[in-house]
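You will see chain A twice below: alongside chain B first, and alongside chain C after that.
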Partner chain A sequence: MKTKFQVNNGILIVIVAALAVFPFVSDSRTWTILLTQIFIFSILAMSYDILLGYTGIVSFGHAMFFGMGAYATAIMLNRIEPTLGVFFLSIAVGMVIAGILSFLIGLLTLRLKSHFFAMLTMAVSGLFLVLAEKWRTLTQGNDGFTFRAPEFFKDRMMFYLLVLACLVLVYFFLRRFVNSPLGRVLIAVRENEQRTKSLGFQTLHYKVIASVIAGVVASLAGSLYAISLRFVNTSVLTMEITLDALLMTIIGGVGTLIGPIIGAGVIELAQHYLSGLAKDYPIFERWIIFFGIIYILAVIFFPKGIVGTIRYAYWKRKNNDLKVDVPAPKRKELIK
Partner chain B sequence: MSILLKVDNIHTHIGQYHILQGVSFEAKEGEVSVLLGRNGAGKTTTLKTIMGLTPATSGTVTFLNEGITKNATHHIASNGIGYVPEDQGIFGALTVEENLKVAMRKEDDAARERQEYVLELFPDLKKYWKKEGGHLSGGQKQMLSMARAFINDSKLLLIDEPSKGLAPVVIEKVMEAIVEMKKQTTIILVEQNFIMASRIGDTYTLIDDGETVQSGQMSELVQNEELKRQYLGIG
Partner chain C sequence: MELIINLLINGLATGMLIFLLAAGLTLIFGLMDVLNFAHGGLFAWGAFSGVWFYGLTNSFTVAIIGAILTGIVLGFITEKLIITPVYGNHIQQILITLGFMIVLSEMLKVVFGPNQLAAKTPPLLSGSWEIGDVIIIKYRLFIIIVGLIVFGVFQFILKRTKIGLIVRAGVMNKEMVQALGINIKQVFLYVFMAGAALAALGGALMAPYSGVVYAEMGMEFAILAFIVVVIGGMGSFPGSLLAAILVGLAGSFMAYYVPALSLAVNMMLMAIVLIFRPQGLFTAKG
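Our next item is the complex of A and B:
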């Protein structure tokens, strides 16, 4: 009999294979670009899930790592040369900077209680946004700049396949990470930090590790995002990016890893279709309002998200199936 | 028997409140020391202060002849003090197996042996091995919490109200387990159920209004109706 693990992996392989074949059977440029965006935001949302879903850390500054990756790639490709080698080097540079920064910020701020941490991350992220706006010689401020991508990515399909490969690799890496002994400690921290300390764990170290992993993965997403647009400006550092990641994670299912991917799909598709409706219905020009409403409704009525709700329903059904009638012990037996 | 833990005149503040105002007692190796007192006397805070969760503002806590008063909680736990809190502190999203594996820290032969031992002590845990902690009953959670503190080869176990909210039949099981654990480790027990405390305990410390009022052998307290009436409201 196949185990649940094998079945899940089997389904994943089929989905990944279908997505890999997609650009060969469809010539829709719109869909290729849309799916590429979904993959990139899936990577970002998964990185956010490591913080929120697995460690219980609410960060309002996640965009700074995304932005760091985007700027590292854009600046290096613009200033050095648009080759594949420089592209990969820029990804590595972005990840190293994001790793060092998330380590330092984590070490200084993760000692604080969650709401203070959330506020501080927002402030630090704001600082980076201002820095990017003011350091015009490097970033060209709000206006941003365009740059040339490596020749290899002229064909959108190649970039699509690279991003899909990154998504699959990041998913399996993070799945391995959360299922490792270290991942179990992170869940323990989320569940009860004081109790985890009483078991002999320096919880700050584990929270910093989670923060570094999340920061590095977010930077990768940022690098890919910059290439997809061939343009970068300060919007990659704004609160909107963090809120998108938060929304994708919550809608898909917090602490599920696969949920944020589904969440990213739902949000990106909704955004695409809602903004498309604006041609006929002017109200949809303000599609962001609908997102706000979706977010409020999701938090109130759908706190487990799509994957969380499905898993809960499955668990409930399984437990109902297993339920057997056990006669209650008699009082005499209890006293004895 | 040598003294394993010595608490000397500790004072603890939580926010603006002065909770412990001079608690002193000793725990000797291989014994069960019971902290007794009315609700709100400061028993749980005493355990938390030993663990460094609510650090003492003055006084000293010495464990294995080493001062641990200002140590961080994770250091205290790593030095060999296990803690079973009142609310059990089970990680609800982790299975019984994962709860124990997290607590184990290292998975060596000695740890595996201890795991076998706790599973013999609490066979229910083996039965619910793959069940999430959040879906266990109160008694099972208590057993898991005790197993988790014990699995780390703790030289001293601090157990806070293990009988609280449990059915009589489960209390009996928990009590048997504590008696069994006593053969391997030293225990400081906070317990409101005097019958249970007197059956397990070797020594007692009475705490009232955050202060130690009396310490001695449990057998003496069992005979002392006046003390029991005055500080425990029984007798």
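Our next item is the complex of A and C:
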């Protein structure tokens, strides 16, 4: 019985096609840049959701992997030469470093309880931030450095299309991943780790795999982000990046892949317009405060997020149509 | 020798400040299994309100009392609005207290302006003593003494009074305490407010020590406090004092001898403790 609301592939293709032709139809630079930004953060938020939504672990160190990718790309393009080949090589290098790093950190910390894990990831990513600030010969610290992007990306449109392609690829890859037997085990870990263990799964291994996948994908997002700005400084490693990913995932809907994409769209657009309002109302210079409040309210009253809530409503309606007496879903709140 | 004594005093003073922050954190965690990521925000609020009261009245005593009261009020609000609704769900707790941390530090920028404020040392406590070649900065000694007094007072409350007995019993087994007819949520509220007050006191003492206060200081110190709580053992009050001193001393000696490693040393300490003794060096005993 297929009661779950699944995003139709047909609709997805139409949306992607519409987005792909968008820059050819409209020549609004602002929108192209804004959409590129949304796509990049969608990739980051999806990777975060593999941890938070699918495996049920809270990491406060996700910016570390994002920053790894951003620095790998920026440094290699700056030091070697700004060509397309080096760009792809740098993405691969960033991914490998992020993968190794998340593997090591995961192996050490994932055996701990959720509190400790959250704290430890926060501490380790704080360590990397300090490292990047101190290692000035490589990163130039907080001042950062600009670099030349490959000739190919001089045209914003090309870059837009590349990022869109990455987003689609990552989406399908992660969807395949969470629907694979491996992904099912991760969901089982989220729902009840003790029980999964007693069924004979070595849960630590699965959690480490989830954290490696999330780290590698986050590094890809970081590489793209660095190119989109053509500049990198230590802000890519700060807590703010992790918080952005967290907010997008929670608002969009944890435990879904479309949710983080929608969340990224909502947050980026709201950020764009709210900081625009700051000219008239000074309070909006501190727009983060509204996000903090919305976020707290979302955690308390709206834990399923936008997509989760729609999905639940759909599920309920479908069961009412069947006129069968189904018990209310026993599923614990999604992010438990 | 003088150098070592100076480094020792520096380390102890920093350790005491971290202890004030970590003490509340560890009790809150030990009693109700709540890890408060917003604790650093309370610390920063204590620092800012301390500076503000000092500027207003020019009396350091008033500044400290004002900061403590701010901490108590904020602690009450935090417990009622933030902790209670998600009680019992760890992941939601982590997420929501972190969200509140952001709100607290942004509120600081709204209320006190986005720039950092300068904090003055009260005249009575500024300056230093010279004993032979050893220069002892008065204010650092003051911090150490205050830290020890706070430790003594709290240790007395925990060991010698009825409420302390309930708290210690609650840390060990809260279901049993509840079964004996004690409203543990009420006790928890008090502990939370006391923890917030300690954090705010720490912030108020920190301000003249570092000379400036800024909104991000909450997060910086919270990370140190987390490390201390992990090393000292969740729920252990004496453990948090010893671990805080350890972290403070390690920081001050490393900052002098191997500056590049000064932050890494704490992380390494924590990593080693977590790998070999995940429950911390001291386990919470009654």
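Here are some notes:
Keep in mind that, in the parts below, the second predicted complex is superposed on the first by the 316 of 336 C-alpha atoms of A that agree within 3 Å, B and C clash if a C-alpha of one lies under 4 Å from a C-alpha of the other, contacts with A are read in each partner's own complex, and residues count from 1 in each chain.
Convention: a residue touches a chain if its C-beta (ideal position, glycine included) is under 8 Å from a C-beta of that chain, and two chains touch if they have at least 3 such contacts.
Computed from a predicted model, the values in this text were never measured in an experiment.
Clash-free side-by-side placement of chain B and chain C is the outcome of superposition onto chain A.
Of the two partner chains, chain B is the only one touched by A:Phe201; chain C is not.
Contact with chain C, but none with chain B, is seen for A:Met122 once the two complexes are overlaid on the shared chain. Applying the stated contact rule after C-alpha superposition, one finds that A:Arg184 touches chain B and leaves chain C untouched. When both complexes are overlaid on chain A, the residue A:Ser28 reaches neither chain B nor chain C. Shared-chain residue A:Val299: touches chain C; no touch with chain B.
Using the contact criterion defined above for the overlaid structures, shared-chain residue A:Asn9 touches neither chain B nor chain C, since it reaches no partner. Looking at the superposed arrangement, the partner reaching more residues of chain A, out of chain B and chain C, is C. Between the C-alpha centres of chain B and chain C, as viewed from that of chain A after superposition on chain A, lies an angle of 80 degrees, to the nearest 10.
By the touch criterion defined above, A:Asn142 reaches neither chain B nor chain C. Closest contact between chain B and chain C, by C-alpha atoms in the overlaid model: 9 Å. Shared contact residues of chain A, touching chain B in one structure and chain C in the other: 335. Of all residues in chain A, those touching chain C in their complex are 52, 56, 58, 60, 108-109, 112-116, 118-120, 122-124, 126-127, 130, 134, 239, 243, 246, 250, 283, 286, 288-289, 291-293, 295-296, 299-300, 303, 333, 335-336. The residues of chain B lying in touch with chain A in their complex are 51, 53, 72-74, 77-78, 83, 85, 89, 91-94, 98, 101-103, 105, 148-149, 152, 167-169.
Of all residues in chain A, only 181, 184-185, 187-188, 190-192, 194-203, 255, 329, 334-335 touch chain B in the complex they form.
The residues of chain C lying in touch with chain A in their complex are 29, 35, 37, 82, 85-86, 89-92, 94-96, 98-100, 102-103, 106-107, 109-110, 219, 223, 226-227, 230, 260, 263-264, 267, 270-271, 274-275, 278.
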